[in-house]
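In order of appearance the chains are A, B, C, D, E and F, and numbering begins at 1 in each one.
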C-alpha cells in the first residue's frame, strides 16, 4: 500500500458540554496541525499517489472553512461537541467528498479506471502531548 | 476507525544479556517517550474516543511504576531482556488491564454497551533515530 | 552560560482588533506550546541550574491561569491584543515574579548568595510554522 | 503486532516528466528522512524484533546507494519519475531482498523457524509538510 | 527582546567543489526547512513584532527564487559553494533588503519612527541531524 | 554570525545525591539527544563553518566515551551529580579540546589564520519536555 501525506493547520475557538470535559467546558480554543494521508494500492499513470499540489490546495481550502472561526457558532455543528476526534471525522468526510467530486484529479476518484484512492487518514494534533485521528476506506460512487 | 493518542515519558536503567546486544550488555539507561493510541470504531455518548484526562492520568500512573527505576532489579522482569519492544508490550498489557477494570471510564471498557475501545498501540521512542511499538486488539471480558 | 528548558502548553480563545490581523479579528483560538528557558552563568550548590521539578510545577501553575480561558474576557488584558509575542512577555513577567519571590527555590533568586538565575527566554509555538518569544535579563531586587 | 523503526536520510538530485509536476519538472533535489519500520507478531529468541544495529547498518548501506546521486543518471530508474512514493517502494524492495538474504540475521528471515519478519513500512519525509510511504507483507521464499 | 519566527522550505540541486566535501562533490540535492526569526526590543503600535502574514509571504517569495532550481546554474552563485551556511546568509541578505524596502510594512523598517526590526536569524535545516544558520543586526539606512 | 549544528545521542545510567532530586536519587537512566552548535563570524576558505563530516565524527567519538555507561562508575565524575546541565558542560569542554587540538581541521582552530571557531553551544534533550545546554566562547591557545 502506497500513501502520501500533507500537513496544514487551523485555529479555532469552541466550548464543550458535559462534565467529562471539566474546565474545557469554558470557551477556549486550539491550534490543530492536520495530517492528511491518502492511500492507494498502486500508483497512477503519472507514478504518483495523488497530485500533491492539488491535495495541499484542497486541504487548505477545507481547513479554511474552519480557520479563525468560533465553532460554537457554526450551524453545521449545532448541538455537537467539536472534539478533536469529531473534527478529524469532519475533515475526513469533507475531503472524501472533494475526492469523489474529482477535485484531486480523475486518477484520485475511488473506483476510477486507474483504481483511484482507496482510503484516507486524517490526524489532528492539538498539542505536543495529544492528537486524534479518523481513518476509513473510500468507496466508489 | 477513530483514535486518540496521549504522550508521556519515563527514564530507566537496565542492561541486556546476549551477544546480539553488543555494548548495550553493560548497565546503561534510556528515556522512553511513550505514545498511547486508543482506538474504537464509533464515538461514545460524549462524542469522544476516551476521557483524555483519565487516559493521561492512567498512563502517567503506569509509567510511574517504571520511572526512575533500575529494571534489572524489578522481580517481574527477572530473566528477561527489557528491550524497547518488550517494554512496549508491558505497557500495552498494563493499560489493557486498567481499561478492562473501568479505570478509563465505563464507555471505554471493551464490549461495553456503547462498544468500548477495540484496540491499543503503544510506541516507545528511545532516541531521535529509533523507536518500537506493540499494537493489538482489546477483547471483551 | 548554562540553561535548562521545560515545556508545557495552554489552549485559549481570543480575537484581535486592527486591520493588520485580517481574518484573525474574528473570535478564534490557539494552542500555545511553551518553552521556558532559565539561564545562569554558574551552577548552584546542587550542581543544577534550577530544581526542574519546581520549574515545571510553577510554569504549569502560571499557564493554568490562562488555560481554557477566553482571553478577551480577562480584565488584565482589556484593550490589548493578546498576540503570541505579547503573551510570551506576559508569561515571562509572571515567571520572573515567581522566581524573585523564591518559588523556584532560594538558589534561583536573582542576586542570591549563589548567584541565582540571570535571564529567561519564553517561547510560544502557535503552529508547526509559527512561534514567538520574549527574552531578557532578571535583575536582583 | 510488534514493530521496531530506525531513521536515516539521503540527499539526491532529480527531475520529473509530466505537466502534473509543474515547476518540479526542472532539475532540483531533496533530502529524504527515511523511517524503516519492521514488523513481526512475536519476538525472536533474543526478545527482539530485529538486531537494531544490523537494521541501522543495512538501511544505511542501501540509502548509500542513492545518497549524493543525481537519480536522473541512474540506469535502474531510466524512464521513471523518481517520486517520493516511488522511492519509498524502491527502498522497501531493496530492504526486503536484504532481509530475505539473511542480512538482518537468521531470525529476521520471513518464514524462518522463529517466524521472521512479516511486514515492512518505509516512509520518506521530503519536508516538514509532506511525506510518502510504502508498506506491505514480506513473504517466505 | 521580542522575536517572531515563521517556517517554510525549498528544494534544490547543487554540487560542491573541494576535497573537503567528499561525495557531496557530485551533483545531488537537498530540502531546506527554513526558519526566519525577526527580532525587535519593543512591539510596534499594533502590539506585534511584524505582520506575520507579510513575513510568511515575503519569505515564500524569496525562497521561491531558489525552489526547484539547480543552484549550479544560477549566475549569482557562479564560483561559489552553495553550502547550507552560505545559503543561510543569502536568505538573510535578501530578507534584510526586503525589510529595508518596506515590504514587511513601515513599522518593520530598521530605524523607523517606531523602532523597526533590529536583527534577523535565518536557519536552514538540511536533515534531521544537521542544520546551519546566519544571524546579524539590521542597520538603519 | 554563522553556525552549523549536528545531532547525535547517547544512553546512560546514573543516580543523583541530594533531596532536591527526589525519586531521581535512585539508579535510573536517560537518552540524551545532543545538538552541537559551532559558531564563527566568517566562513573559512572552503566557504563553510566547519567540515560537517569531521564534526559529526568527533562528536560521535566523544559521546561514545559516555554511551552505554553507568556514569556513577566513571572516575572522572566521582562525587559529582551528572545532571543534564553538568553533562552539557562536559561535552562542551571535550569538544573544545578536540577543536583546539585540530581534530576538526586547521581552519576550525580558534585564533587560526582564518579566524577559526569562536563559540560552541551544546544542548542535551532528555525528554520531549526537558533539555539543558551550555554555551561559551572558544579562546585561542
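Methods note: a residue touches a chain if its C-beta (ideal position, glycine included) is under 8 Å from a C-beta of that chain, and two chains touch if they have at least 3 such contacts.
What you see is a predicted model; the values in this text were computed from it and never measured.
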Worksheet item: Quick check: more C-beta contact pairs in B-D or D-E?
Response: D-E
Worksheet entry | Repeat of interface A-C, chosen from D-E, B-D or A-B - more than half of residue-number contact pairs shared | D-E
Worksheet item: From the C-alpha centre of subunit C to that of subunit E, how far is it in Å?
Response: 27
Response to the item:
Distance between the CA centroids of subunit B and subunit C (whole Å) is 32
Worksheet item: Which subunit F residues sit where two or more other chains touch them?
Response: 7, 128-129
Worksheet entry | Touching residues on subunit E, where the partner in the complex is subunit F | 18, 20-22, 80-81, 83-86, 88-89, 128-136
Fill in: Residue ranges of subunit A touching subunit D (in the complex, touch as defined)
1-8, 43, 46-49, 51-53, 56, 105
Worksheet item: Touching subunit D in the complex: which residues of subunit E?
Response: 7, 9, 11-14, 23-24, 26-31, 33, 67-70, 126-129
